[in-house]
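Structure first, commentary second.
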Amino acid sequence: MDTQTYPLNALTQRPMAMYHSWDSQNAWLRQIHTHNYLFVNPRTAEANGFGDGDWIWIESPINKVRCMARFSEAVEPGTVWTWNAIGKAAGSWGLSPKANESQKGFLLNHVISEELPPCEAGEHMSNSDPVTGQAAWFDVRVRIYPAEAGEPEVTSPQFKPQKRVPGQDPKRGKWQAFVAGAFRKKAKIQE
Amino acid sequence: MTQLALVIDLNVCVGCHACVTSCKEWNTSGWAGPLTDQRPYDADPTGVFFNRVQTYEAGVFPNTETYHFPKSCLHCEDPPCVPVCPTGASYKREDNGVVLVDYDKCIGCKYCSWACPYGAREFDEQQKVMKKCTLCIDRITDMSLPESERKPACVLACPTRARIYGDIHDPDSEVSVAIREQGGYPLQPEWGTKPSNHYLPRRKTRIQIHEDELVRVDNPLKKEALPTLPEAGETLDDVAW
Amino acid sequence: MQDPTSRSDSDQGRVEVKETTCYMCACRCGIRVTLRDGEIRHIEGNPDHPLNKGAICAKGSSGIMKQYSPARLTKPLLRKQGAERGSSEFEEISWEHAFELIEGRLSKIRAEDPKKFALFTGRDQMQALTGMFAKQFGTPNYSAHGGFCSVNMAAGMIYTIGGSFWEFGGPDLDRAKLFIMIGTAEDHHSNPLKIALADFKRRGGRFISINPIRTGYSAIADEWVPIKPGTDGALIMAITHELIKQGLYDRDFLIKYTNSAELVVDDPSRDDHGLFRRFEMHIEEGCFDPENKLWWDIDLDREISTHTPGVDPRLMGEFKLEDGTPVKPAFQLLKDRVEEYTPEWAAHITGIPADTIRRLAHEMGVVARDQKIELPIQWTDTWGNDHDSVIGNPVAFHAMRGLAAHSNGFQSIRALSILMTLLGTIDRPGGFRHKAPFPRPIPPCPKPPNGPEAVQPNTPLDGMPLGWPSKPDDLFVDEDGEAVRLDKAFSWEYPLSVHGLMHNVITNAWRGDPYKIDTLLLFMANMAWNSSMNTENVRKMLTDKDESGEYKIPFLIVADAFQSETVAFADLVLPDTTYLERHDAMSMLDRPISEFDGPVDSVRIPVVPPRGDCKPFQEVLIELGSRLGLPAFVKEDGSRKFRDYPDFIVNYETSPGSGIGFLAGWRGKGGEKFLKGDPNPRQWEMYKENGCFYHYELPKSYQYMRNWNRGYLEWARAHSMIRYAEPITIHLYSEVLQRFRLAAQGKWPGRIPP
Amino acid sequence: MHPAFSVIFLTTLIGVGQGLFLALYTGQLYALANLLPAQSSNFYAVGSMVSLVLLFAGLIASFFHLGHPERAWRAATQWRTSWLSREVLALPAAMGLIFLYGTVHFFGLTKPLFVISGTLPVDFSLIIGGLGTLAVFGLFLCTAMIYASLRFIKAWYSPLTVANFLFLGIASGFMLASAFSAYQGNSLVGFYGTWAVIATLFGLLTRVATLYRNSHFRCKVDLKSAVGVHHSQLEQKAQGFMGGSFNTREFFHGKSQGLLNLIRYAFLLMVFAVPVILILLAYALESETLPLLAFGIQYLGLILERYHFFTEAQHPQNLYYQSMA
């Protein structure tokens, strides 16, 4: 692993107010974590030429992701991190294709490979612990650099919006005032 | 008169947002509901919350401190949001000092939110009235609930018991003791609003290890001392008479 | 506006209050749900539940918005004819049609080659049922999500101390004085840890957090030690080095309760190099860890059998046995190993200053040694010695994915377990404490099948789909050493992969390496998004076709309650229920919610009816098991054995007459038995009346030192929680790993790699 | 603060209406003292009607600011404590008196009721005019005190705010009066024009003083006391939500500093410089239309001024909503 070109470690952490990808569909919880930033130590950011809130690329040997950076002094300079599984594919989880989760949120998994590059141990060795086969998520090494000025202010990669499936509720309206006892009628949820 | 309030212990608050959503859950179907959400499943969802948890960072790496900071209405003893209200919708209860809004009187002029330095009021864009933390007034005065549950929803939910509830005018209440003994402080005291809610500051527990404490007499390494083999060379004993 | 004090919320509409278990994350707190006119009005913590004691987190309180989420699936769906996979073009079908489709396809697979069916599940915490279904079907290709989550945490610690963090054990913060949390993010064992941590801090405990990031728990740490990711092993070994150098280890604990003093053959030229020197002794059948090893007696200066009363063995030094075999105590090997791992060496790797590392080591050592706790609890160890008190070294640890999710995870976590052992904190007050059914023998008894012949058409798998190898012969490889499982678990490349490698399933199936499969069933795992690595390419693999225009993964079934990203790629979608709509069991056979003081298990009882045609996945498995005629699901005459899932839970026994079922509480005809007893038809009602949980408190003398507590071990065997009542000595030195090293060097008598 | 156009129109419109009435009444007083030619009662009547229309338009605009206009009557009940409540009383009172003043003139009921010390004939309109003046000044005070009474918003919390509202109201009122006189073709254009210029200049003084003051004071409260963590480098990372809330919509204008500077220069020109020059030109050229143009420009400038007045206000609650993460 070429740690000169890819000097930084990239991690994800699970937020206390969301559990993996289960809670972007939750109207209350997604107001707390709507989209995710990449948290970077200010000195690391300055060394890579971008400011707080700028659009940047995270690149690993197999892929790259575009997202927004957020300065944080609460992270070790050699590490960048984001919240786990806040970013979603457009249109999934009952959300509108324009929801923050797909337009401003991103998924770090794209840059983490499930297999090691071919090595003497084998052609397709799993990117895991050799003793237990545990996925070595946090071994991923990345480099970060600012996105060009002209690039669209949307995270990448983007996917064709996922369609709603039969049996799913109709698209919810602009307002939702939940009062137990009267909600399902108002939100046109069939039982 | 009693002044009910919350004391929030920043020394143990881990920022899990339990107080945020348990409050929303209770109040949206309760007396002070509904707490309307706007664009709940679209871009930039927003909605009325009576309580929010914020995150702050202090200092530069590696001496960085991270603070989780729950903030809701502080139920001031001299609330600036009450006199300014033209219709009397914003009022402070005599019996327990809780500051409330009467939705039938509120004309939605938002003047009370201008007069609150803490930003503790949120306007319901659909119902067009001002809403705020009611200290779960419909719960704390509900005699059908057992004593242990006649507390605000956020206090019952908080896993680290960082939210203490009680009467700050009663010197022996849990809140008063906590404020006195752990240095409880109000927010923006300069304005003289005398906020009832207080916050307890962070405290560090340090250990002092003295060098001479490290190695005790019964150090296990002594047990491993190998018998010292005698050097092979001549000794006095061999040569002297 | 009505005066709030003049009304009670319980008078508004028809109010009911029901209790069940939350599932907004895998912590499974007890909750009390208030309904108003059939809709969920409020979800709060159940005050009497041992796990969360009335607390509830942000997710638990937002359960309402999951129940009424627009992402809910309500109908079984089949990919439209001619529609591309991933285009999310579906048509509604009936459950009957869905079952026929699956039954037809699976029975054909089962008749030809069961390996062609792969069942992989996510964060479902019910491996006992899904694992049993896979075993009954006969396919080896099964695992839950541990492989890509934190299986290192379980494996690393269980192969060392017979227990691990998360469900199986944890820090005893009630009595600890110093608590070190390494590599734990925001969540994991959430509410109980929050409750304990807050009380710990209030009592003046010192909390140190070692993590590259300071958020959540670390925010309230008294000291934050920023560390470079993946270097925790170096830090721990440097601390171990410092502890040994200063003599800050608990010698008495190491000698009695670990294999530190046991003599290891130390001559690279010999075939048994690195194995314990054992003398001949009659080993009764089934004993897994015979006590036929040796100590080196200090006074007599010669070898002697272990645990001989009155003997004080050496921990360090090199010796020669009578027959000339060069041996060293296991502790000496550890000392040699960490000799050059000085704090200075670790400083530039971890980014932590050397004197900070030294100070951390001193804090741990001195607190563990000088602030001992003594509880007046009498207990007897397995060697018959009576103790009239339990000693505790009040230094507790907690670690999770920060250590596990690295390629050096297993070793880092073993190093942490060794550090905790050096400090003498295993299953003692103020340190680490096991939770039922642990501690279990090292390694636990179940073994994976060890050859391709275990997979036969129309017959259940011979052996557990996931097990605990203890020697190369337990691997699941064929004659020329190739893996039998699709994800190559239990192969020479990944020998102790006790929870499989789910993150390689799709890639291997797509490439057809080791072989192609026919049907992949995914449950509660978002493999087209955040549960996969290399997601962008995995999505392409799911839609990739071979030359003949067929998908490389021919048939994909997705069971999910919500319109996740993976649903778009499914050929057949089975709508699952939410946790408020179904029966569930948090069973001792899976990952229970036990407390330190005894086993606890719990259930979910439906609070609201399922929406639309949603059907719990458990019912789907019972239905499929019955239709496919899998032995466990059908009577001798082939007729259906279980009406539905609740019936299955009540009447299923691991083996006929074993008395062990999914639920441990209220067994026996009248519900008077516990853990072991015949099925009790009213078991569900009894759970319902008791807040949906059963908490059995062990007698005080069984609650500590359980690896070597005769009373406890015999109680556990009597309740068939473990097979043997022998002491579970801590593997400071792992002979299991050495066996694999010897095999790699070709010196192992049994199987060796190709 | 986020400028609310309904409030901007309310305060500017009623300001002009009040100023116009004051101009009319000043004209009547001067005429009484024979310093000015007496005007026909029609002039006063129509003038009062225009002022009434402006006040009414302002009242309508204020309803757009309310969530529940149907209960607006309640806004009058808390006059003991709330300046907004007092304004809700003062406005109708002023309108009523101006209406009376207008009708008295319209029906020519200017027969003196009694004479003071032989020379000063006091008729009905004089009394009502006096009361009206008091009501108008009271209304100016109430409107301004709504903002000036909020002690946390330093930019507003000063007597200069009341002065600004007063002078700018009078200036625009007299400017309209001169335009109205020009339109009527009577000789008071110069008189009103000069008073309008004087009021405008006074307005300039207090407005510039406010601008200077607002750019030089240090906010009394900072994040340390807002959160209670006394650390020199304290910074917010997450405000608890990411899709915006009432707190970020109502108290943040979200405009770039460049735009605000532009608005500032624009209103300084349009409210002060241009109208004064136009009035002087009007004298020189005796033109009919220039005063009307001057008033028009000044009024537009006033809208920008009131807009800027809102954006200048830094609310302490903004300390809690700085960053999203």
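Labels A, B, C and D are assigned to the chains in the order they are written; within every chain, residues are numbered from 1.
What we mean here is this: a contact is a pair of C-beta atoms (placed from the backbone, for glycine too) under 8 Å apart; a residue touches a chain by one contact, two chains touch by 3 or more.
Fair warning: this is a prediction, and the values are worked out from it, not measured in the lab.
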Comparison of B-C and A-D (more C-beta pairs in contact): B-C
Approximate Å spacing (C-alpha centroids) for the pair chain A, chain D: 52
Centre-to-centre distance between chain C and chain B (centres being mean Cα positions), rounded to whole Å: 34
Centroid distance [mean C-alpha coordinates] between chain B and chain A, Å: 29
Centroid spacing, where centroids are CA-atom means, of chain C and chain D in whole angstrom: 72
Multi-chain contact sites of chain D, meaning residues that touch two or more partners: 237, 240-243, 325
Touching two or more other chains - residues of chain A: 16-17, 25, 27-29, 31-32, 34, 39, 72, 74-76, 94-95, 100, 171-172, 178, 180-181
Interface hub residues of chain C, defined as touching at least two other chains: 36, 41-42, 57-59, 62, 64, 70, 186, 190, 214-216, 226
Interchain contacts, given as pairs of chains that touch: A-B, A-C, A-D, B-C, B-D
Residue numbers on chain D that touch chain B, as the complex places them: 1, 65-69, 71-72, 74-78, 81-85, 88, 146, 149-153, 220-221, 223, 225-229, 231, 233-247, 250-251, 315-318, 320-321, 325
Residues of chain C touching chain B in the complex: 1-2, 4-5, 7-10, 36, 41-45, 47, 52, 54-62, 64, 70, 178, 186, 190-191, 194-195, 197-199, 201-202, 204-207, 214-220, 222-224, 226, 246-249, 251, 298, 312, 314-317, 359, 362-363, 365-367, 369-370
Complex contact set, residues of chain B against chain C: 11-18, 20-22, 24-26, 29-32, 41, 55, 61-62, 64-68, 100, 102-105, 134, 137-139, 141-145, 148-149, 153, 156-162, 202, 204-207, 209, 213-216, 219-224, 226
For the chain B and chain A complex, residues of the former touching the latter: 14-17, 20-21, 24-25, 28-29, 33-47, 49, 57, 59-62, 64, 66, 126-127
Chain A to chain C touching residues, read off their complex: 9, 11, 13-23, 25-29, 32, 39, 62-63, 74-76, 78-79, 81, 84-85, 88-89, 92-95, 107, 109-110, 112-115, 121-122, 124-139, 157, 159, 162-169, 171-172, 178, 180-184, 187, 189-191
